[in-house]
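Across the two complexes that follow, subunit A remains constant while its partner is subunit B and subsequently subunit C.
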Partner chain A sequence: MTTMESTAAAGSRPTGLRRFLRASEVQEVLALVIMLALIVLVMASNSNLFLSPRNIINLLMDSTTVGMIAVFTTMLMISRGLDLSVASTAAMCGVIIGTSQSTIGLWPGVMLALIAGALVGLINGFLVTFVGINPLITTLGMLSITRGLAFVFADGLTIPVFDLSGEHQATYTAFTQLAEGRLFDIPYPILVMSGLFILGIVLLRYTTYGRAMYVIGDNEDASFLAGLPVRRYRMIAYTLSGLSAAVAAVFLTSRLYAADPRAAPNIELTVITAVVLGGTSLAGGQGNLFGTLLGVLILSSLLNGLKLQSVSTELQNIAQGLVLLLAVGIDQVRQGKIDLGLWRLFRRQARASTQ
Partner chain B sequence: MMAENTSAAPLLEMRHIHKSFFGVKVLDDVSVSLHKGEVLALLGENGAGKSTLIKILNGDYTMDSGEIYLNGQHVQFHEPRDAEAHGIRMIYQELHYAPDLSVTENLLLSELPRGRGFPGRYIIDWRQAREIAQSRLKLLDLAIDPDVHMRDLPVVERQIVEIVKALSADAQIIVMDEPTAALTPPEVEMLFGIIRNLCAQGVAIIYISHRLDEIFEIADRVTILRDGQHVATKRVDEVKLASVVELMVGREIEARRKTLALTGQESQVVLEVQNLTKLGAYEDVSLKVHAGEIVGVFGLIGSGQLSLTRSIFGAERPDSGSILVDGRECTIRHPQDARNAGIGFVPVDRKVQSLIMGQSVRKNVTLSNWQRLARMGFFQQRIEKDHTRHWVDSLGIRMAGDMEVPIRFLSGGNQQKTVLARWLEANVRVLILNEPTWGVDVGARSDIYDQLEALAQSGLAILIVSSDIQEIMSVCPRILTIYRGRITAEFHRESVSKDELLAAAAGEAV
Partner chain C sequence: MNTRRLSAIALGTVVFALVVTMALRGSAVRVLAQDSACPTAKDSYTIGFANLTEDIVFTQLVREGMVATAEEMGNVNLVLADNRLDGATALANTENFITQGVDAIIHFQTDEAFGNVIMARARAAGIPVFAIDIPMPGATFFGADNYYAGQLAGEALAAWVNENWDGQADAMLVLELPQSGPIPAARMQGMEEAFQNNVETPVADDMVFHLDSKNTQEEAFRVVSDTLPAIDEDAKIVAVTINDGTALGTIAAVEAAGRGDNLMVVGQNADPSGQEEMIKENSRYLGATGYFPENYGAQLLPRVIDVLECRPVPPSIYVEHVFISADNVCDYYPDNWPDFCSQ
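Let's look at the complex of A and B:
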C-alpha cells in the first residue's frame, strides 16, 4: 500500500526543493554528509584535539594529495576507466624534482615532473584505448614501473629538496611556500585542491568533455556509434589523471622538503575508496564530485581521528580496507547486482497472486 | 516422416493461451498441438506472438489464462527448470556454450563423471567422460571429435553439439529458434539430417524460421500466428508457399502500398556507394540513394548487410571501394567522419548500441550534435533545451515528465523516435537504419514507418536494411537483395512478388 502511494506521488511532478531532495544523487550526498557528521561526532567526543583549528587544517592538509588526484580519478571512473598508478607516479614525479634540482634547476625540474606525470597518463591511455589492455592490468603494470623508476632515479634514497648550498635561497623559499604559504589563513594546497574540485565540477556539468565521461561510461558502443571520438576522450582522461598525480607530487615534495621514492604509500587505494564511497559507480556512467569530496573528507577524518587516538598504521590500513569493501558493496546493491532477497520475494508473491 | 499416429493423443497441447503485456494482447486464444516424432513449424512475422508462445512453454513467462497438457496430463511451468524437468529443451539463435572448453566438457558441463572414495570423488574421470560424450555423439551418427575445443568447430557443428547437449536427458520436445540463421546451405542439410534422425527416435520439434523454403523441406505441419492470433494449422503437403505468406501477412501490404506514390529517383543522388568490398563480409557493393527516397536492402540474417552498413558509417573499415555524399567522395574512418559527411546510423539494438540509458532524453537527443551546441566546449544550455523541445514536439516523443527524464523510462517506440531525433538534430542528409522495428510492437511499428515516410518526403535519403520481408515491401519503393555479401538484384516494389524477392535473397538466379 505504501509503495503504491509513493509511486503515485512520484508520478505527480514535484517541483523546487522537494524535487531536488528526491533526486537520488542528492539523497546519496546527504547520506554521506550524515556519515561524515557521525564520524566527526565520534572522533570529537573521544578527543578534544580533533576539532581544534590546528587539527582541522592538518586534517585537510593530509587530504590534499588524495583530494587533488581524486578529482580526476572521479572523471576517469565515470568514463569506466581506472588508474592504479597514481600514487607511484606521484612518487616518481617527486623524485624527478629531487634529482633534477642539481642539474637543470628546481623549477625546470617541477615542469619536467608535470610533463612526466602527463606522459605516464598518456601511455596508460594509449595502452587502454588503442592496444586494448584492461585498465586494471595496464595501470597495475604502470604502478610497478613508475615505483621502480622512482627507486632507480633516487638510488633508493630520500633526496632532500632544500637549499643545501645557500646559493638559490629565493628559488627554494618560493618552492617551500607552495605548501606553507597561506591566503586568508588557508594553506595553498587546500586552496588548490578546492580549486581543482570546482574546476572538476564545472567540467563535468557544463562541458562536452564532462558529458563525454558520463556518456562513454554509460554506453561506449552507443557513444562511438553516435560519432563521439571516444578514444580521444579516454586519452585525455588518463592524461589528466597522470598530470594530477604530478601536481599532487609537487605540493607533497614542497611540504616534505624531500623527494622520497617511498612517498604516497597505498594512496591509490585511498583515492579509489574515496571516489567509490562518494557514489561513483564502478560500472561507469554515474558519479559526482560532491560525493568524492565528502568521501575524501570522511576518509581523512577517520584516519586522522584514529591517529589522534594512537591507533597503529596497520589498524588504520585495516579500517580503510573495510571502508573500501563497504563502499563497493553499496555500489553493487545500487547497481542491482545484489538483490538482498527482496526481488525473489516479490516474484514469489506476484506468482502467488496470479494463480 | 510424420508418424502414422496422428490419431493418437498429441504429445503436447497448448489450449486457449492468452497473454497481455501492459494491456496489449500479445496472444489471444492461441491453441497449438504437437505429436510425437513430428516437426511443427511455427510461422508468423516479428511480433506475431511466436516467441511469447515459446517462452510460455518454457516457463519464462506465465500465461494470463490457458492450459498446457503434456502426454494428456495437465502441467504448469513456473520456471524454465520446470519445463526442463518435463523434457522440453530450447535451442536459441545465440548459442550458449563455453568456447574454450572441449566438446566433452560442454556436453557434460554439470555432470562430469568422477571417481570414487576420498580423493577420487573430487577428481574428474576424463576417460569415462570422453566415452560418455562419444556415445552421445554416436546416438546421432556424428563424427565430431570430443576433444576439440568448441571454438575450433564450424558453426553448424557447435549448433549440433548444443542439440546433443539438449538431448542429454529424456528430451521429448526441442524448440529451435532460427537454427539456420548462420548456416550455409550444405550445413543446413546436415542439420536437417539430424532433425530427421531425432524425429525417427520419437522426439518432437517446434521449428521457428523466417526461411519459408526450409519450412517446406523439413516441417510436417505449419501453425501460423498473426497479431497474436492463431490463423491456421495445415499439413505442409496441403498448402502452397504463396498461401502461407498470405496467411502470415494478411492484406496489410496492399493497403500500405497505395499510401505512398513513387518518390525519389528523379531527384539528385545523395548517397552513392561504389564497389565497396570487405573480404569475408561483402563484395563489390554499389548502390545509390536519392534525396527523398527510401531504398531497402533485403537479405537473410548474416548475408553481410550488417557489416556493409557499419562500413558506410565508418564503424568498420572496408578493404576497397568508395563512398560519395552529394557526389563528393568522403574519407570515412570513424562514425564521426560519417556524421560530419551527413550520414546517420540507427543500429539494430537500440538499448545496446544507441541509447545512453542512464541519461536524460535531452542528452540522448543532442548526443550527435555537440559541435553546434557547445561553444569552446561549454554547452549552451538554453539552445540545447530549445532544440530538444522542438524534436520532442515534432516527432511526438511521449514521456512521463519532461525532457530531463532518463531515457530508460520511455517505451520502445518512443526510445526509437529519440534515436531518429538524434540524427535529425545532427542535420544528416542520409539515414541508414538496420532492422528499424526489431523488437518494436505492431502499433509502434507503423508509427515509425509513417515517420520514415514523412522524413523521406522532406528530402532525407533513407537506406533500410532488413531481413523482414514485409517491412521491406511495405516501406521501400526500391528494393535491393543481398546474398552472401553481394547485391543480387534490384526491384521496384510494384513489380515484384514475395517469391521473387525471397528467391533473389536466397541466391537463386532471377
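Let's look at the complex of A and C:
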C-alpha cells in the first residue's frame, strides 16, 4: 500500500460506534438507546429511588445472569443457532458445585461445573451440526435432560453452599466474594458481565471466527462452499453457549450461598427476548452485542421500575411479553416478512390531506 | 403600680417560666427516653411483603389478607413483591426492599437454604424479617405447624375408618411432593403416622404407595391411575394428600376406575375447591386441615408492629389449625356455601 493509499484509508476509517457496527446497525442501536432512555425517564419520574446508586447496582446485578448468557447466545443466533437449554444447564452446573463441595471440594467443583457446562454445549453442537437434528428440538431435549439431572444430583433439594461446619471459612469466603466482592465499588459480577460483552464484541468484530458467524448465519451452504469450517465454528458457538451458562451458574450460586435445581426459571426466554430486542435476527446473519446489552438493560430497567412501583406480577409478565412481541415484530419487519405497504399508504394519504 | 404588685408579677412570671421549662424538659426527657428505648417506633410504617408466588389460590389469599389488614390498621404502607418460587428473585426483592427503606420485611419464600443470604442482607441493613412457613436463621417464624397439621388429618381419617370400615383399610396412597423438601414432608409424615397409629389395623408397609404428585391435580390423577392396577379391585383405599388439588385428582382417578365407593381421602389447606368437594353428597373427600391463609395478615402484621415498637414477640408464631369437614365448614366459611349452610 502506498503512503497516499494508507492515508486515504486512515481518513475513511470509521469512528465511534461505526468502528464496531455496520451502518445499518448504528440506527438500530440508537433507536434502542432512545427506548432505554424513555424507560429510564418514565421510571425515574415515578420513583425517585430508580436512579439511586443502590438501585442501579441492584438493577445491574439482577441482569448479570441473563447478560452473561446473552453474550454467547447472540453469537450463536447470529450463526442461525438456538440454545433453549441454557437455564437448565445453569441449574445443573450450580448443583454440581453444591454436591461437589463435600466430595472433591468447592473449587474443583467449580471447575467441574464449567467443564460440564461446556460439555453440554458441545453435545448440543454435535447433535445439531453432525447428526443434523433441529436446534430447537435438540436443545429442548437437552433442557429436560439437564433439569432432570439437576434434580437427580440434588435429590430434589436446594443445597446450601455455605460453611456450615466453620472449618473451611477461607474457601467459602473467597467463593462468596465472587458475587459480593467489589472493585471501585462495582460488584464483580457486573464487571465480569461487562468483560464478557467486551470479549464478545472483539471476537465478533476482529476475529475470523466472529466474522464467519455472520456469513454462516446468512448462508450456511455458501459458507461451506467458500471453505469455511462451518461445523467446527458452530460446535464452538454451542460450546461457548454452554460454558456461559456454567459461568453464570458459578456467580448465581455464589450470590445465593445455595445451589437450586429449580434455579434460573425461564431465563432462556428472557435471554432470547433481550437478544432479539437487541437486533439479532431469528433467521441468523444479523446482530450485534451493543444491541444485546441494550436489550438486557431495557428488560432489567422495565422490570426493576415496575417492581419499585409495586406493580403486580401479572402486569410485569404482560410488559415483558409485549416487549418480546415488539422485538419479534421488529425482526419480522427487518426481514421483510411484514409488509408495511399499508402503513406507507396511510402516511402518504395523511401527507396529501395536510397539503 | 406599687413595688409589692411588681414583685408578685415578677415572682409569678419566674414561677410560670420554671414550670413551663420543667414541663418541656420533662416531656423532652420522656421523648428521648422513648426514642432511646425503642428507636424503630414511628407513627406509620413501611413494610415489604414478598409473596411465595401469585400463581396459586393459597398465596393469593395470603396477599389479599395482608393488604386488607394493612388498610384496616391505617398506619401500615405495604410494599408488595412476588418471589416467583425462586431464590434469586427473593434475594432481588430483599435488595429492593432495602433500597426502598422499608421498616420490616415479611418473606414468604421458597426454600430454607436461601435464608442465609437473605438474612445476611437484612441484618446488614438493620431490618427485622418475618418468615412465613419457611424458617430463616434469625427471622421470626410465622406459619404452619406442619407435623401437627398433618396429624389432625391423619387422626380424622383413622377415626372414620374405625367407624365405617371396621378399623381396616387395605391400601394407602400418599400423594406427596418430594422436591419441596423437609417442611411439606413433615405434613405428609404427620398424616401417615397419625393414621397408622390411630387406625385399629394399620395398612401393611408394602401396600403404602408413596407417589410424587408434583403438587398438581393432573399429575395426581395420572400417578393414581397408574397405581390402581397394583391394588386389588375390591380393596378399601385411603389417601393422604399434600393439598386439595391433589386430593381432587386422586378422587377423580379412583372414581374414573369405578372404585369410588372404596375410597376415602384427606388433605391439607381446605381451600374453596376442597370445601366444594367435601360438601358434596356421598363425598369421598372427608376433609382437610385448614390453614386459614386469609387470616395470615391479621395475625402477623400486628406482631410486626409489636417488634417495631419493641414489644416482646415469640420467636415462632403458629397459625391455628382445624380439621375442616362437611360437619364444620359452615362454622368457618358460611359465606362460601350459603345454600349448604342454610340447610
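One rule holds in what follows: the second predicted complex is superposed on the first by the 318 of 355 C-alpha atoms of A that agree within 3 Å, B and C clash if a C-alpha of one lies under 4 Å from a C-alpha of the other, contacts with A are read in each partner's own complex, and residues count from 1 in each chain.
Going forward, contacts are C-beta pairs under 8 Å (C-beta built on N, C-alpha and C of every residue); 3 or more make two chains touch, one makes a residue touch a chain.
All values derive from a computational prediction rather than experimental measurement.
Visitor: After the match on subunit A, would you call subunit B and subunit C a fit or a clash?
Guide: fit
Visitor: Quick check for you: in the superposed arrangement, does A:124 touch first (subunit B), second (subunit C), both or neither?
Guide: After superposing on A, A:124 lies clear of both subunit B and subunit C.
Visitor: On the A-aligned overlay, A:63 touches which partner chain: subunit B = first, subunit C = second, or both, or neither?
Guide: neither
Visitor: More residues of subunit A are touched by which chain, subunit B or subunit C?
Guide: After superposing on chain A, more of subunit A is contacted by C.
Visitor: Looking at the overlay, does A:52 come into contact with subunit B only (first), subunit C only (second), both, or neither?
Guide: Second partner only, subunit C.
Visitor: Looking at A:307 after the superposition, I want to know if it touches subunit B, subunit C, both of them or none. Which is it: first, second, both, neither?
Guide: second
Visitor: According to the stated criteria, A:228 is in contact with first (subunit B), second (subunit C), both, or neither; which is it?
Guide: The answer is first: A:228 touches subunit B but not subunit C.
Visitor: Once the shared chain is lined up, is A:263 touching subunit B (first), subunit C (second), both, or neither of them?
Guide: After superposition on chain A, A:263 lies in contact with subunit C alone.
Visitor: Can you work out, in whole Å, how close the C-alpha atoms of subunit B and subunit C get once everything is superposed?
Guide: 31
Visitor: Could you please specify the touching residues of subunit B with respect to subunit A in the complex?
Guide: It is residues 62, 64, 78, 313, 315, 334-336, 338-340, 345, 347, 352-359, 363, 367-368, 370, 374, 377-379, 381, 400-402, 422, 426 of subunit B that touch subunit A.
Visitor: Considering the complex alone, what residue numbers of subunit C touch subunit A?
Guide: Where subunit C meets subunit A, its residues are 54, 79-82, 84-88, 91-93, 95-96, 98-100, 110-114, 116-117, 120, 178-181.
Visitor: Flag every residue of subunit A that touches subunit C in the complex, lowest number first.
Guide: 49, 52, 54-55, 58, 61-62, 65, 151, 156-160, 162, 252, 255-258, 260-265, 304, 307-308, 310, 312-314, 316
Visitor: Taking the touch rule as given, give the residues of subunit A at its contact with subunit B in the complex, in rising order.
Guide: 11, 13, 206-209, 211, 214-215, 218-219, 221-229, 285-286, 351, 354
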